[in-house]
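Written below as structure tokens is the structure these notes are about.
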Amino acid sequence: MNYIPHTEDEIKEMLGTIGASSLDDLFSEIDKSFFSKSFNLSEGRSEFELFEYLKKIAAKNDTSLINLSGGGFYDHYIPAVVDKLTSRSEFYTPYTPYQPECSQGTLQSIYEYQTLICRLTGMDVTNASVYDGGTALAEGIIMASRITKRKKVIIDSALNPLYQKIIRTYLNPDFYQIMIVDSSGYGLNRKKFLELLDSDTAAVVFQNPNFFGKIDDYSDLVKAAHEKQILTILSTYPIALGLLKSPGSFGFDIVTGEAQCLGNQLNFGGPLLGFIAIRKKYVRQLPGRIVGATEDKVGRRGFVLTLQTREQHIRRNKATSNICTNQNLSAIKALIYLASLGKDGFRKLSKMNYFKAQFARKALAQIDKIKIDLNYPIFNEFVIEIENLGQLYPKILEKDFIPGIPLAQFYPEMKNKLLICITEKISKQDILKFKSILESITYLI
Amino acid sequence: MKLIFEKSTFDREGFKLPKLDVPECKLPTDNLLESKKVNLPQVGELELVRHYTNLSKLNYCLDSHFYPLGSCTMKYNPKILETIAGFESFSNLTPNLSLSKKGFKYIQGSLALLFQLQNLLTEITGTSKVTLQPLAGAQGELTGMLMIKAYHQKKNNQKKYVIVPDTSHGTNPASVAMAGYESISIPTGPEGQMDLKIFKEKLTDEVAAVIMTCPNTLGIFNTQIKQICDLAHQKDVLTYYDGANLNAILGKIKPAELGFDIVHLNLHKTFSAPHGGGGPGAGPVGVVDKLVPFLPEPYIVKDKNDQFSLYQQSPDSIGKVAPFFGNFQVLLKALTYILILGKEGLEKVSEIAVLNANYIMESLKDYYQLPFRRRCMHECVISAQKQKEKGISALNIAKYLIQEGIHPPTIYFPLIVKEAMMIEPTETESKKTLDQFIQIMKKAAKLAKESPQTLKQAPANFIFSRFDEVKAARNQNLKYKNNNNE
Amino acid sequence: MSIYYTKNHEWAKVEDNIAMVGITEYAVSQLGDVVFINLPESEKSYKQDETLAEIESVKAASDIYSPLSGKVTELNSKLDNSPETINNSPETKGWIAKIEIINSDEINKLMNKEQYQQHLQTLK
């Protein structure tokens, strides 16, 4: 199948209009030697054959496990309205809304999305979204460096290690100086941070809740940084913002994060949804598309892409970023998700994650051979230590649980440590079952 | 239309959550806690559904309107792609299972498909290996630039510049700048392709790479492309193929065989993954042998027992541009598309795409100025310079097309053509649709002569008249505030 | 007081050692509605032909080059909130900055009104 509607007669007629003798003739300006001798590709298939083929391959994935892993990529329940609405052709088959008169559906949705991201983060301005939480942060750092005209960036090691890798890839080492401050325990090494802040520092970067699930009060560090005209950047987890103090009220200048957790499936890691929200005074340094409100000729409210002179299609090499589009459909999913939960629902959901995780942490702490530090406040993730984790991990998988993320691959000193996440989808029964699995397998050690 | 916030009613309950099945406990201390609820809208489900259903209807989209947006390849998105992407065992799979080798056995299906797509794209581009990680075409470009940088640094080559033709997409020079290079813009010659003489002058030892879109954004295939690549290689200058326009040569020419070292693809263009109103897309990048060590990691490998796992051991890898494997869902759709079309299908794509574009160009040549009189590839650029004499701009014609139920082509790009209209019909549009479009374009040309006012006032009798973009930029209303200024 | 022009369509009104700087009617007509101007830094010195400010319409951004070398002594900060002043009166109220001239010889490189009018003819 090739979805081409032309009949042979139509092709002939069109070739006649063009004055070409054949379809090959259309390519006659191109040297014959440029054409490839062979394409080693299979023959086309019918839709039915392909459906069966992919169904078989899909069956080689196992999504029946109970997922206790998070680390930035969360398994939350998605109300049915989210997918039903965003699977409307009108949302998923247009492109960038260059022509506002016939793109108000997309534009108004993004304006609403921008409003909600600002309300969640307590910030003034956001854009129409970027690729993911990691690149959002990289763009945020680049932006901070441009504003401060400084090159040093100080990053807490409890920032998502995958983001740390993306940042290292994005930031040109000839230009930027990246310093990582090792956490003390699971938290922030405040003393070290305060020592390092200097007049060469463009930005400090934290994550709340941090990668180990710890939540913290950043007001002292934000204040100390601002005294030296250093910009403060926070990477955050939107579901936690239903309960936790907003980054805006801590005084952060740039807030980024991954919003896949708002109504987007895990999809094996993509598409994701990055956001970047800032103080208004920096709006001309913000990368990416921005939607703004305006009026048509007779005064009807409507929305357009605005402040486009920041962007690559106009500013080219001087643009604030090379980013061209946004994660539009993912952003609309996040919007409909938040609108569906509503003010009360979102608070409840956030609390539910919090209560369940506290319950699970206490419950698992009762197991003899498991060590859990109960002394630091968490939202819905925490670290546990199990002897011989390497051997036990596959056994837990066999009992139908994804037991979290083994931390040693990112933090070699964290051997035997596991990062566990409890969302609203995990029932009390699941938690107790997981507990008894851990009890029985650790008992055998 | 009203905003969702304006439909919100205080205290109305929205989505119902299950009962909390664990005991409540102490909340975090006050310095960590937000006392107020986030001000989200409070609407009932039916109201929510109506709001977004009605809002969606304000969009022109590919499924409802002809959408010949140049350089964006708005081809039909087969519905089976959505069905496959919706399989629960794809959509609900956590990438975290890939963080431990012990988890690989639970993700074999998705890894198998990624592996298959890596190989298919390698074959289609003629490269040696493909990374699926880049999340969009622009990010693919950045990935390419970072690999170029790593390659030259490894060889201790002192390089400063990247050459781009003046017809290039804005993302090209922007990606160059992000990687820490300076771009050199080369003008277009009278044939509509990069001026070879000036290129030769600028091609010094300090040049790191040359980026070419081929066919270029004028829809013209550069007949000197092989020579350009050869000249570059003589100075250890790497050659980068911007795949935005691959649809023109799909299944016929492999960019790496023309001499390109790096090739990025836009799966949302050439391989029919829907555009989503602006994203998510996917921008895989293929490279030839000498650049393989610099690819982002991990990529997928198959062992001798036909088990799939991840390779991430090259000391020269540039790192990561995405946390996992790129936009898996988009990759899956592109794979489905390639498998359905197969070899003959893909070859037919470029033939009919080129046929459709030339048909439009030929049919309109007496009505609009053609900046270059030669055959076009998958898109054609025409100009409203003739109409400009009557005060009619490309923008006026675009707005008239909206009134007539057609999404306008790309306008004012490429920058080197005044009053440019860049038309890319794609292969999935029928002759009948093209004929209707041609008729409307002819009528616009006639109106420009006889009744320019009609065009200046377009779109007329439409849901909206033209928006005031100056006001939007000056006033900067970028989020909604209610009467309480919240 | 004398007025001078550059090829890039800036003007400089010179009085003693102070030059008032702005962009010409022609520049504004090419740019369209001005939505933003990024003013120079106060007290900063700029060389002749160095980028002094940036001006933006909805779909374009252009650099404004300093017609003469000198230190910025005053800015027209009204433009921050009403950039349209540049559209309404580019060569009077829409001035951008005043600079203290360092090297008055540089004036020789600029055009007088008549020469600038001729320059505009060549652009048509």
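A, B and C label the chains in the order they appear, each numbered from 1.
Here, a contact is a pair of C-beta atoms (placed from the backbone, for glycine too) under 8 Å apart; a residue touches a chain by one contact, two chains touch by 3 or more.
Predicted model, so just to flag it, every value in this text is computed and none were measured.
**Student:** Counting C-beta pairs in contact, which chain pair has more, A-B or B-C?
**Tutor:** Per the contact counts, A-B leads.
**Student:** Which chain lies at the heart of the structure, taking centres as C-alpha averages?
**Tutor:** Chain closest to the assembly's C-alpha mean: B.
**Student:** On a C-alpha centroid basis, what's the spacing between subunit A and subunit C, in Å?
**Tutor:** Averaging C-alpha atoms per chain gives centres 44 Å apart.
**Student:** Using the average of all C-alpha atoms in each chain as its centre, how far is it in Å between subunit A and subunit B?
**Tutor:** That pair's centroid distance is 20 Å.
**Student:** Just curious, how far off is subunit C from subunit B if you go by their C-alpha centres, in Å?
**Tutor:** Whole-Å distance between the two chain centres: 39.
**Student:** Could you pull out the residues of subunit C that touch at least 2 other chains?
**Tutor:** Correct list: 36, 56-59.
**Student:** Which positions in subunit B are in touch with at least two other chains?
**Tutor:** Each of 469, 473 in subunit B touches at least two other chains.
**Student:** What are the residue numbers in subunit A that touch two or more other chains?
**Tutor:** Answer for subunit A, listing residues that touch two or more other chains: 314-315, 318.
**Student:** Report the residues of subunit B in contact with subunit C in the complex, numbered from low to high.
**Tutor:** So the residues of subunit B in touch with subunit C come to 412, 469-470, 473-474.
**Student:** Report the residues of subunit C in contact with subunit A in the complex, numbered from low to high.
**Tutor:** Listed in rising order, the residues are 36, 38, 56-61.
**Student:** Could you please specify the touching residues of subunit A with respect to subunit C in the complex?
**Tutor:** 284, 308-309, 314-315, 318
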